[in-house]
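Chain naming follows the written order as A, B, C, D, E and F, and within any one chain the residues start at number 1.
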Amino acid sequence: MDFSRFNQAEQAQIAAMIEHKQMKDFMKLYSNLVQRCFDDCANDFTTKSLTGKEEGCVNKCADKFLKHSERVGSRFAELSQNMAPPGN
Amino acid sequence: MSYFGGGNQQAQTINPQNIAMAEQELEMVTDLFNRIVDSCQEKCIKLGEGQGDLNQQDSLCIDNCVAKFFETNSKVGEKMQNMSQQQ
Amino acid sequence: MDFSRFNQAEQAQIAAMIEHKQMKDFMKLYSNLVQRCFDDCANDFTTKSLTGKEEGCVNKCADKFLKHSERVGSRFAELSQNMAPPGN
Amino acid sequence: MSYFGGGNQQAQTINPQNIAMAEQELEMVTDLFNRIVDSCQEKCIKLGEGQGDLNQQDSLCIDNCVAKFFETNSKVGEKMQNMSQQQ
Amino acid sequence: MDFSRFNQAEQAQIAAMIEHKQMKDFMKLYSNLVQRCFDDCANDFTTKSLTGKEEGCVNKCADKFLKHSERVGSRFAELSQNMAPPGN
Amino acid sequence: MSYFGGGNQQAQTINPQNIAMAEQELEMVTDLFNRIVDSCQEKCIKLGEGQGDLNQQDSLCIDNCVAKFFETNSKVGEKMQNMSQQQ
C-alpha cells in the first residue's frame, strides 16, 4: 500500500489508524488460532482439563499455525509488491 | 459533596484512549464468548435431533468444553508471551 | 471486566457503548440462530413453505441453541471471574 | 418556499440516535441478505460443476430456499417474542 | 427499509451512510466470491499458476455465483416488500 | 525550510474522504490476507498432525497456494470489470 499521495497531516492520521488496526488484527489472529487449535485438538469432553495428548496437540498446532501465517505473510508481501503500479 | 466518590472529579475529561481500550477489551471478551458458543455447539449438541432440551450428557459436555476452551486460551497466551520474550 | 480504573465521565461513556454493543450482540445471536437452524433443518427445496417436519425441527433447534448459549454464558461468567487478577 | 415538503424544516437537527437506529436496521438487512446468499448457495448450487449458468432446477431451488429462510426468520422471531413475554 | 420517518437532514446523512455501506458490501461480495471459487476450484499445489482446468472452473464459478447472488437479491427484494407493515 | 518535501504544506487540512479511502484500502488488504491464511491452511496444513514445524512439502504448498490465490483474485477482478463495461 502506498499512501504517499496524501498530505502529511493525513498520513499521520492514517499511521495512527494502521497502528490501531494492527492491534486488532493481532487479537483476531490470536483468537482465531485458539479456536482452530481447540477445534482440531480437543475431543474428549468427559474431563474438565486438557489431557496430555490434547495439550501436546495444541502446542504443535499453535506452532504450526504461526509458522504458516508467517510464511503466507512473506509471500503476500512479495506478491503485493509486484502488483503495485510501476513507477509508484 | 458528592454521592459518588471524591473530590477529584471536578473537570473530568474523557481520554479517548481509555475509551478505545475499554472498547477493545469488550470486543475481545465478546469474540471469545461467541467462539466458545460456536465450537462447543459443534462439539456437544446435535441441533436438529432429539428434544428441544439439553440432556445431562449435553450439559456435562458443555461445561467441560467451556473449561477446556479457557484452558486452551491460557496455554496459547503463555506460549505467545514466551515467544515474544525470546525474540 | 472491571472498568473501575476509569473516571466517572469515561465510565458513563463506556456504559453507553456496552448497551449499544449488547443490542448488536443480541441481533447477531438471533441471526446466527436463524441461519444455523435453517441449515440444519431445511432440506426440501421443492416447496415454498416449511414442511411440518422442518418447522418442528426449527422449533427444537431454536430452543436447544438458546439453552446452549445460556449455559455457555453461565460457565463463561464463572470462569471469567476466576481469571480476574486477585484483589481487583 | 421549499421544493421538498413543508414548513417544519427550519432548524432541522440531526438526532444521532436516529442515525444509529437506521444504521442498525441497515446492518440487519445486509446481514440477513448475506446469510441467505451463503446458505442457499450451499443448499442449491455446486459452484465448480456444470455450466456457468443457473439451470431451471437451480433457480427453483433458490426461490424456494429464500422463501423458506424468510419463513424461518419469522418463526424464530415469534418464538423469541413469546419467550420474552413469558419471562 | 423505509426511512421516511426521519427528517431531511437525517435522511441525507443516512443516504451517505448507505452509499458507503454499498461500497463495503460490494468489496465483501467480491472477496467472498474469490475465496469460494478458489476453495472450490484450486486443488493442485505443485504448480505456481492456475492450470487450464482450474481457470475454467474459476470462470464458471464466478459466473454462477454472481447469477446466484442476483437471483437471491430479486427474491429478497420481493419478500422484504411484503414484510413491510401495511399503510407504511 | 522543511526536511519533508515542500512548501505546499502550510495549512494542511485533513480530507475525511482521503482517510476513508485509506481505511477501505487497508481493510481490503487485511481481508485478503486473512482469507489466504484460512484457505491455504485448509489446503496445505494438517494442524493437529506431525510436528510443530512446516516440512518442505507444506512450505511448497503454501507458496503455490498464495500465488494461485493472487491469480484467482486478478482473474475474478478482470472478469467483473469486463462485465461492468458490457452493461
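As a working rule, contacts are C-beta pairs under 8 Å (C-beta built on N, C-alpha and C of every residue); 3 or more make two chains touch, one makes a residue touch a chain.
The model shown is predicted, which means the values in this text are computed figures rather than measured ones.
Asks: Which chains does chain D share as contact partners with chain F?
Replies: E
Asks: Steps needed, at minimum, to get from chain A to chain C via touching chains?
Replies: The fewest touching-chain steps linking chain A to chain C number 2.
Asks: What are the mutual neighbours of chain C and chain D in this structure?
Replies: none
Asks: Report the chain whose CA-based centre is farthest from the CA-based centre of chain E.
Replies: B
Asks: Measuring centre to centre, with centres taken as mean CA positions, what chain is farthest from chain C?
Replies: Between chain C and the rest, the longest centre separation is with F.
Asks: Need the CA-centroid distance for the pair chain C / chain F, whole Å please.
Replies: That gives a centre separation of 32 Å.
Asks: Starting from the mean Cα coordinates of chain D and chain E, work out the distance between those two points in Å.
Replies: Distance between chain centres: 12 Å.
Asks: How many angstrom between the C-alpha centroids of chain E and chain A?
Replies: Between these chains, centre-to-centre, one finds 26 Å.
Asks: Spell out, as numbers or ranges, the residues of chain F touching 2 or more other chains.
Replies: Residues 44, 63, 67 of chain F each touch two or more of the other chains.
Asks: Note the residues in chain E that touch 2 or more other chains, in rising order.
Replies: Those would be 28, 37, 41, 59, 62.
Asks: May I ask you to sort the chain touch graph into line, ring, star, complete or other?
Replies: Graph shape, chains as nodes and touching pairs as edges: a ring.
Asks: Output the ring sequence of chains, start chain E, direction chain F.
Replies: Ring order, starting at chain E and heading to chain F first: E, F, A, B, C, D.
Asks: Mind pulling up the chain B residues that touch chain A in the complex?
Replies: 20, 24, 27-28, 31-32, 35, 38-39, 42-44, 60-61, 63-65, 67-69, 71-73, 75-77, 79-80, 83
Asks: Which residues of chain E touch chain D in the complex?
Replies: Of all residues in chain E, those touching chain D are 1, 3, 6-10, 13-14, 17-18, 21, 25, 28, 36-37, 40-41, 57, 59-65, 67-69, 71-73, 75-76, 79-80, 83.
Asks: Spell out the residues on chain B that touch chain C in their complex, using ranges where they run on.
Replies: Those residues of chain B that touch chain C are 4-5, 9, 12-15, 18-19, 22-23, 25-26, 29-30, 33-34, 36-37, 40-41, 44-45, 47-48, 50-54, 58-59, 62-63, 66-67, 70.
Asks: Name, in rising order, each residue of chain C that touches chain D in their complex.
Replies: Listed in rising order, the residues of chain C that touch chain D are 20, 23-24, 27-28, 30-31, 33-35, 37-39, 41-43, 45-50, 54-55, 58-59, 62, 66.
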